[in-house]
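Both complexes shown next keep chain A, but they swap its partner, so chain B is in the first and chain C is in the second.
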Partner chain A sequence: MTAVPLRARLRPGGIGARHLVLAARIVGIAALTAFALTTPGFTSALSVNALLNAISFIGCVAVGMTFITLTGNIMSLCLGATVSASALIFLASLAFGVLPAFLLALGFGIVVTAAQGLLIGYFRANPILVSIAGLSLLIGGAAFATGGQRIYPGGAGLLMFKGRVAGVPVEALYFFATVIVGQFILSWTRIGRVMVMVGSNIRAAHAVGISTAAAIAVAYVIAGACAAVSGVLLAARYGSGDMELGAGYDYAAIAAVLVGGTAIQGGSGSVIRTLIGVTVIAMIEVVLLLRGFSEQLQFLITGLIVLGVIMLHTIGEKR
Partner chain B sequence: MTRAARYLLTPAVRPFTIMAATIVVLSLMDRGTGYFFSVGTVFSVMQLFATLGLVALGLGLTLLVREFDLSVASMVGLAGAIAVMTGGADPWIGVALGVCAGVVSGTLQGLIMTQLGLSSVGVTLGGLLTLQGITYVLTGNATVSYPNMAVALGLNAPIAGLLSVRSAAALAVFLLAGLVMTYTHVGRDIIATGSDRRASRIAGLNTDAVVVGVFAASGACAALAGVLLSYSLGAASPVALADVLAPAAAAAIVGGVSVVGGRGSAMGIAAGVLTLCILRSGLGAIGVPPYVHDLVTGGILLVIAILDAPDLMRRVTAWRLDHAERRDAALKGKSS
Partner chain C sequence: MPILAVEGITKRFGPNAVLKNVSLSLDAKEVRAICGENGAGKSTLVKIFTGVYQPDGGTVCVDGTPTEIAHPQHAQELGIAMVAQELSLAPALSVLDNIWLGNRKVPLFHRRKDLRARARAALDKVGLGELALETPVAALSIGRRQLVEIARMLTRDARVFILDEPTATLSDIEIERIFAALRALKAEGKSIVYITHRLGEVFAICDAVSVLRNGELVGTRGIGDIDRDQLMAMMLGRSMSEMYPRWDSKPGEPLIAVRNLRVPPIVRDFNLSAARGTVTCIAGQVGSGAIEVLRALAGLSADATGEVDVNGRPYRLRSVRRAQRAGVQFVSEDRAGEGVFLRLNAGQNLVAAKLSAHTRLGVLGRSGLRATAAKLAAAVGVDRARLRSPADELSGGNQQKLAFGRWIGGDEPGVLLMNEPTRGVDVGARAEIYRLIRQFCERGYGVIMASSELEEVLGMADVVVSMYRGRQIASYRRGAADMQRVLADITHPVSPASPVAAA
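Let's turn to the complex of A and B:
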């Protein structure tokens, strides 16, 4: 055994690089926390609430996206539209009562993504292509159903999905519940482990007799349910909805997933990481806001940090 | 399936088949009223083509080498803002600077990917957000109007009733890309890199250079689309241009670009873009509500996704065998 040359150690995937990345992660999070805590007003109730609100809506979608990324299907461009469409279903069916409306929205979100998951899992259809098809169909279908009008709810009783419990916004409670359920499925159920295995090596999973199609379909079902929860929360928050409600959530969600450190090629990652990712991005935005940066600089700095963090994560891993 | 049908559905011919089918169906729906077959429809198809086409071409090139350039969506906006802000006196300066920005951003992202071994989705997602941020900073988060209205009018003035300067420029870029892809080694290098990158590298091809070049070209195409669009609108604004990504990807895929790399051509992409543009303006001309366009596009994409799925034939064969077995078993049960 000869000594490993330094250059090889610093190459992507080398031992040195991995330690370097770990150190950089710790330093980065510590620096961000210190920076946040020294920002005047960051710990005020108002700012904490703003932070919780900011992470709740996108966070739910990001938890769903985690499962898609984890099973090796990169990302879905359709989740934002699923959020909007579930919100529309929820608002349109409020007349039947809040709970039935919630279940209808949940069912709708699940059906939309499960159909995509079945195509992707069963035929191995390309996930990005299928999601673009789903996006087109949802936008067209929604325009057909609503005539392009905003929907205003036909019933009352939205308090279940907005307001506060013990000072904490209800949206955040739903989000944390989503995170806990998601991480539970991933860590402590058989299907969760199977999903990770399918993401890390689909051929090996198939060879040992795992139904890869079912695993991928389940991942999409979870993603749809998460998107629907986000849609319902958004609908309750704004009291009306159209297809713009969740526009752009796909990109925000995949950014949170990648910043959290879930691997884009699948097979490695967790819901907790996504929680960290979505919190880090929201913290950066709140700190920049409190420090008086203009809105345009906030966008730029957030973008650069996301780019930097994604590069950092992937340097530690072989492609 | 007859031999002719099989030929029409081969990947290289399919985009043109779909385009022809679209035209036939729309003209049948038109029932001779002449709204569809009019100079006006052709002109509006080509105007749509000018914006969507260039973005789809760049994105399609990155798909060809098995990557995916998300950043084109905000490159369109950024280049438009740069052109509008610098091209007041001389529009060519705006074009040059805008396209330069596209080349620089594409090259940088390509270098990051190839030198650090990162995946394109992650890097270009960061690029998407960063370019969007730069656009916000440049424009101060407001719509910037372009003082030189003569340019705006000139770009959209009809040439021979069918084209405008804008759509003619887009067509010229496609023609150039088609010639380069067919008659130079660049086209073969791109296809080789997309088909099997490791094999190409072993065969002596500098695949990193190909990938960087493709991303530079993709940035340039998206930038040119943005410059032309902003000039012709007479304004640039930082918002709402992310909507261009999904239609551009759809157009490239309808145009026969394989999402697993190594298959596709510039002319195919042109046919794919034209199909979507014909659907949009054709359905509008006939008087069909706009949502039909989205539904039909989604349906076409879904069919392509299923037809191109690698496991489709395996599953269908398995079903058939299963069905035959069951039928035999049932027959046996009856006879005994």
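Let's turn to the complex of A and C:
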């Protein structure tokens, strides 16, 4: 009786649970905001800047990760390494000028992830395994190319990637631009809609005549470009780089994507949600810092909250 | 005393009563067939026997004592064993390991020799005497896997064996092996409940047959007291209702021609031609290849071969895009898996195939898409207010409307392929879907649908093509097809002595 699970899914409880999750989400954000605003020093320029910086670097990667998750490929473990490697490329080619270096880094990030996207799209390779392979290749390749040394830039003109405009850190402006472009692609372009369809039901997308492999490849291209932007921003900020620069960013990014409420199974979510996810996590961290929790406790509490939010979504999904 | 009996069983899912006041009893050493059309309630009844479902009313008696079979494990302890259609063997493990897998009576410290001997004995009884215990299950054919599964139940001291369409995917030789095993079980004093669509099998190995229709027990007859025609009449019941739209068959110009279609491993040498404005129904049971024929035409089979023309222009199989460019569109039988984007909203589902027409420089014309979605929703009768609801909150009937509403209004009416268009759709929505299918015909489409429900086939078809185990048996024009003949075609007797006799 194939009809049974279908009917079960139609029970009104499913809809009720969805509203409940939405309500819990709003209450949670309101509580966090109230908690943050009553924390002494949270509204100071210093901590707002720290918050913006924290969300900018990870945020760019998280926007890219959103596309990977949305198309049904869970996550990439290679984006952090892509961030570092693009930063290295940027620093190493600064001698040609800032803009060419930026474009080279962007191109590099795109090539790295596009190769993975093609493997996953056309050969239906397991996305996690492919990203692990990509990670090893990048780390190995970088060690080979740099001899394990830090890279110091050979040019000037990094100002376009750091400093501030009207008091706002430039990094944050780049991040917000990434969010806007990402959300535009997702909801206003054909390829954006197609990516969501592929993530929702890849077999149905195939049966409708969509090239599912191309859609997946495009999602990876976007992810690579986002990671490269993050890499360039980090490189500009620190003025030097190694493969540690973006280490762990993939995990932070996927946490932001999931806390934002993009479905891990793909097919539902948005870049705006990821923006919310990144902000929520960063706010928790800043608040904990300002309230004087030790670093270990900060990690622990952040982890627990992320886990709680993800459980909440899982319940909403399953009724 | 009957070994297993149910008295006045009722089971409902939401508002739908799936079983209504069903009573039957099974004696020791009896092979009982349960027959009925799809949706008659056979599987639900079996799930009550095996403790998967609990009845909403009535009693279940085991050995004459009223018993509440609480869960499948409990059913096993009572000696009631299900031989599942989807086999529950672990392919990588050996036959021996599979036989003992999950058996709670195996002590932590046991004598392997003892287990081997008992497995051997069970395999001998089901006719697998020559099979080595170390053979991995992956190396066995489906038929032999079923026999291993039966042997596994034997080692668990099962007394009632329930088989749900065990022969649907088997070859003649393998079917004969299963029958031999069932006869051996019967000689051992076991009872068997045998669910099948194939009437030949009922007469080949069963002692009695119980017929279900729309959740009610029509009756139980000894196999000597009934013939095939009477059994069919019991299964099908009254004449066709007002479910189906009235129409005048007026075929237009030829639309599609299929020659020598092969879809390994099932379909061989399939030929068909269909005209605009007509519905062609391919009638066949599970395993007949009817569904595979349509999937191949839609470009969804990786190894289909054959020549297909639409409007006189050939197109190559094995690519969805080429099929669509030729004007061939497909509605899947697997709605959740392949038909509908459950996490997208209804409107997005309706315009799924219309994105390119509304795209300029890669950017979607969202207001145009919204207007199209509203138009399509009106055309298939989905409430406009629901366009923004996620598809998984809609009923099965509404989801099916989304799946084929997306093909309305292409450049030129083409071929609409539909597999089991009303599977999992309730009665009210069915009539609406049939009406929509006819509307496609009026627009100049040619509709080809595969269905295992005869009533639907005869109610809708201008041309009926019957299939049995991958072969085309016969084709009938509307009016020339009667239920008995088509049913005989698609439930073909198993004995190889009567090939194609019914055609």
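Please note the rule applied: the second predicted complex is superposed on the first by the 305 of 319 C-alpha atoms of A that agree within 3 Å, B and C clash if a C-alpha of one lies under 4 Å from a C-alpha of the other, contacts with A are read in each partner's own complex, and residues count from 1 in each chain.
Throughout what follows, contacts are C-beta pairs under 8 Å (C-beta built on N, C-alpha and C of every residue); 3 or more make two chains touch, one makes a residue touch a chain.
Predicted model, so just to flag it, every value in this text is computed and none were measured.
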| item | value |
| --- | --- |
| First (chain B), second (chain C), both or neither touched by A:V208 | second |
| Contacts of A:M311 with chain B and chain C, given as first, second, both or neither | first |
| Between chain B and chain C, more extensive residue contact with chain A | B |
| Partner chain in contact with A:A255 - chain B first, chain C second, else both or neither | first |
| Chain B versus chain C as contact partner of A:S268, first or second or both or neither | second |
| Touched partner set for A:V196, first chain B, second chain C, both or neither | second |
| Which superposed partner A:L129 touches (first chain B, second chain C, both, neither) | first |
| Touched partner set for A:A31, first chain B, second chain C, both or neither | neither |
| Chain B and chain C footprints on chain A, overlapping residues | none |
| Chain B-touching residues of chain A, taken from the complex the two chains share | 12, 74-75, 77, 119, 122-126, 128-130, 132-141, 143-144, 248, 251, 254-255, 258, 264-265, 294-297, 299-304, 306-308, 310-311, 314-315, 318-319 |
| For the chain B and chain A complex, residues of the former touching the latter | 68, 70, 112, 116-119, 121-123, 125-134, 136-137, 139-141, 238, 242, 245-246, 249-250, 253, 259-260, 289-299, 301-302, 304-306, 308-312, 315 |
| Parts of chain A lying in touch with chain C, wherever the complex brings them together | 1-4, 6-7, 9-11, 14-15, 188-194, 196-197, 200-201, 203-209, 211, 263, 267-268 |
| Contacting residues of chain C [partner chain A, same complex] | 13-14, 18, 43-44, 47, 298, 300, 320-321, 324, 330, 332, 334-344, 348, 352-353, 355-356, 359, 362-364, 366, 392-396, 406, 423-424 |
